[in-house]
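Below: a set of structures, written as structure tokens.
Note that chain A is present in both complexes that follow, paired respectively with chain B and with chain C.
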Partner chain A sequence: MNYIELLDKKPDLVTPGTSACQGCPAELSLRATLKVLGENTIMCIPPGCMAGAGCVGWNFDSGLKVPVHITLLDNTAAVLTGINEAHGRDVTVAAFAGDGATSDCGFQSLSATAERGENVIYICYDNEGYMNTGFQRSGSTTKGSMTSTTPVGEVGKGKEQQKKDLPLIMAMHNPAYLATLSPSHMSDFVKKMEKAKSIKDGFVYLHIFSPCPTGWGFDGAKSIEVARKAVETNIFPLYEVDHGEYKLTVPNKNPKPVSELFGMMKKFRHVSEQGIQDVQNYVDKKYKTLQALVGQE
Partner chain B sequence: MGKTIAITGNTAAALGAALSRPKVIAAYPITPQSSVVEYAASMIADGQLQSSMVQVESEHSAMSVVQGAAMAGARTFTATSAQGLALMYEPYFRMSTLRLPMVMAVAGREMTAPETIWSGHQDTISVRDAGWIQIYVEDNQEALDMIIQGYKLAEDKDVLIPVNICYDGFYISHLYEGVNIPEQSEVDAYLPPYKQEHVILDPEKPMAVDPMTPGNLVMKYRKSHLDAMQRAFAVLDKADKDFGDQFGRYYGGTVEEYKCDDADIVLITMGAMSGTAKAAVDEKRAQGVKVGLLKIRMMRPFPKQQVAKVLADKKAYAVIDKNVVFGWNTGAVYMETQAALNQLGYKIASLPVIGGLGGADISLEHMTNVIEKLEKMNKGDDEQECYWLED
Partner chain C sequence: MARDFITPKGDEGIYQIDTASWRTYKPVMDKDICVECGICLTYCPVNSIHKENEKYIIDLSYCKGCGICANECPKKAIDMVTEGDK
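Let's turn to the complex of A and B:
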């Protein structure tokens, strides 16, 4: 079954009636994720957009059609571990967590779970901040971004630090499988999710780029376009690490300048040319690192 | 019958846990609890214990792992002390309020600062209102036995609340005593496998565990939890009786009375200091003083009826607390005893005492000094200034 058939035919395990914002690619990604992972899955979702949208159960109106638990913001990976250790039979144990819960307060628990090689799937949807509570900055927010805790004013010019590179940090934990995914590249997305589901010998980390129309300031109709631009500019390269083998799954021979992505949304509107260049340099260096890991120097 | 061997309190706790057959253990080492983790790991390494043991990176994750395992229906165990308990407070509160039964051993340690690693009750006392049942024990045998009984209590369908078995760091955790180790078959007969029904993460029975909950339901859940706490008294009494019938050791359930029947004055203690208090009672009894000891075994829920029943006709009592209540110049057990007697309409002369903080010694002389102070008090005396057991 190709990915279009799969997304068309497999049952949608997220109920209708969730209250995610218009054009939210995180909800889209969650629905696609569960179509692949299937009914024999236990899902953990920490506080964040997908919990707030009612995917953990809300007023008896919405939720998932698989067992789901809202973990604490900082213990998702540890809870996955416990569920996995307790289950005597073959069950897919997975998390769908935002970048705040993943890169910031949940990182200790995540790092240890990866180090122990627990056979669970940890999925991060990265919308670059605490979007559910009004767009506070996270470690995963891109430099220059205006957020509610890095506001722009006479002195402040948005987030001062570069984005924490979670996928590469997690790759250094030697997981059984790791991949970056984008809702703009669904064939690649589904392939990686299927591979993740098949892994039986260790930890799996998946990182999904998830542009946020509400927080970032762009038209919800353009979510996929923004996600694609992030891939095309190398802001979010698509790759995988399968048992230590690095591979660029969507090679990008002629990357577009990051300024093309910056121009698509309000959160970067104030960023100076120098600010854009800082991010361009960071993205270029990161991509070189990735190419070296892939063996394409 | 089992066999009797000389072991530390930590080994007793680990053996009590192992005999209870937990499916998942997750723990992080901390002084003075570390050898519980080490002993459990060695039993697994030697093939004597069939549990999954997760070597977590923190106590926060230890409690989170066992919460995940408990939601999937497993019997679980962990152990900690002081700073570890403080770090796990967030999932600790959630474990109890999800009504997930388990047993956690706590080798009691003073809270930092000042920087300390030694004995105290401040760690567990500071979290006494996080929804767990808390039981304090006096010696190594009681530590082992109460871990087994703890599962019986926690998993009772009338209770479904996790249980802390609290034993004094070093005074029990590191002290060698003769301990009878029951046969596995006897423990199996007392403690059958647990089948969880109210909360379960299983694809064959999809359930949203702990969805967003509106205030009116939170009110219902809290009331139900508090009601279950009150049912725990009777369940512990039954667990104690059944245990005694099976193993020959009865502990008295929520409290232990020592020479209280004809006593005029009573010492109230909790944990390891109770042994010293019993010796002091014996010494003063030999001098003709009618003194008894009331050992609080269950601190949460607080057995107010049982405490009041013992104290009702007494002239005076003293509570020796190995913890403090900031904001009151006393310890917690004194406050709770006062509240219980006041609510039930008794007015008895009382003396708050604080001692043993951060491993400070509580000597026989301290105990006899307290008894002598009580002797001088008259029925109806107002409470005295807190008496600190200093050098």
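Let's turn to the complex of A and C:
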């Protein structure tokens, strides 16, 4: 079955009507994730866009067609551990959490779960902020971004710090498998998700880039285009680490300048040339690190 | 659905909202231009596009009218038309 047939034929385990914004790629990623992971899965979704969109349900209704727990922002990975202990490994135990819940609030339990090598899958969808509570910045927000807590005016110039590189931080925990995924590269996405499901000997961390039309300020029809641009500019390189082996799954020999991504949305509209150059330098340096890890300097 | 583990409460009811009512524009596919590549299907966030009898079709029951399918179709076979127009 190729990836298009898979996405067409596998049962959609998410409610048909979620309240995720028009054009939200996190909704696409969650549906694709569960098409691959399948019915024998227990999900944990902490507060965030996907929980708020009704995927954890309301009152007596569920938002998924598999068991789903709404965890706390700070204990998602610990809950995965407990569920896995209770059920053993024939069930897939997975989290689908935002970047705030992952890189900030839930990092302690995530780091500990990775270090213990628990047999669970932790998936982060990275929309670079606390989007469902009104677009506050997170550790994963790109430098220069205008958010409600890094406003732009006479004094403020957007977020002052560079993006926390969570995938690489997690790679340094030596997980059994780690990968970065983008909804713009669906064949690569499905392949990595299938691999994640097949891992039986340790912790799996997946990081999905998830542009937010409402919070970043672009037309929802362009969500996939923006995600693709992030890959083409190396802002979000696609790679995997399979038991310590680094591999660029979508090598990018001629990266486009980051300014091409910056020009696509409102959150970067105010950023000066120097501001763009700062991010360009950071992205170039990060990519060099990655190439060194892959072993192709 | 038979499961080995626990049965979610949702089996009693799945939470869903009428997202079709959000639409201002709806996607209309021109079957003569479409080359059946399936790209639109892979990107629809709402799972509204499927292959039936070797043809791709758009089911509007939950389609939010986001326009991703129209934007991504390499053949420009999908048009976003104002809801209510033909």
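Note that the second predicted complex is superposed on the first by the 291 of 297 C-alpha atoms of A that agree within 3 Å, B and C clash if a C-alpha of one lies under 4 Å from a C-alpha of the other, contacts with A are read in each partner's own complex, and residues count from 1 in each chain.
Methods note: contacts are C-beta pairs under 8 Å (C-beta built on N, C-alpha and C of every residue); 3 or more make two chains touch, one makes a residue touch a chain.
Small disclaimer: the values here were computed from a predicted structure and weren't measured.
Asker: Which partner chains sit in contact with A:E85 here, chain B, chain C, both or neither? Use first/second/both/neither.
Answerer: After superposing on A, A:E85 lies in contact with chain B but is clear of chain C.
Asker: Touching A:E39, do we find chain B (first), chain C (second), both, or neither?
Answerer: Both: A:E39 reaches chain B and chain C.
Asker: According to the stated criteria, A:Q108 is in contact with first (chain B), second (chain C), both, or neither; which is it?
Answerer: first
Asker: Between chain B (first) and chain C (second), which does A:G220 come into contact with in this model arrangement: first, second, both, or neither?
Answerer: Once the two structures are laid over each other on A, A:G220 reaches chain C alone.
Asker: Please indicate which partner A:N254 is in contact with in the superposed arrangement: first for chain B, second for chain C, both, or neither.
Answerer: neither
Asker: Check whether A:G17 is in contact with chain B, with chain C, with both or with neither, and answer first, second, both or neither.
Answerer: second
Asker: Just chain B (first), just chain C (second), both, or neither: which does A:L64 touch?
Answerer: Both chain B and chain C are touched by A:L64.
Asker: For A:R116, is the partner it touches chain B (first), chain C (second), both, or none of the two (neither)?
Answerer: First partner only.
Asker: Check whether A:D74 is in contact with chain B, with chain C, with both or with neither, and answer first, second, both or neither.
Answerer: first
Asker: Identify the residues of chain A that lie in both the chain B contact region and the chain C contact region.
Answerer: Shared contact residues on chain A (touching chain B in one complex, chain C in the other): 39-40, 42, 54, 57-58, 63-68, 87, 91.
Asker: Sort out for me which residues of chain A touch chain B in the complex.
Answerer: For chain A paired with chain B, touching residues are 39-42, 44, 51, 54, 56-59, 63-72, 74-75, 78-87, 91, 108-109, 111-112, 115-116.
Asker: Which of the residues in chain C come into contact with chain A in the complex?
Answerer: 1, 3-19, 22, 38, 41-47, 50-51, 61-62, 64-68, 70-72, 80
Asker: Would you pull the chain A residues touching chain C in the complex into a rising list?
Answerer: 3-4, 7-8, 12, 14-20, 22-25, 27-28, 31, 39-40, 42, 54, 57-58, 60-68, 87, 90-91, 183, 186, 219-225
Asker: Chain A touches which residues of chain B in the complex?
Answerer: Residues 23-24, 26, 52, 54-58, 60-61, 64-74, 76, 90-91, 94, 200-203, 205-212, 214.
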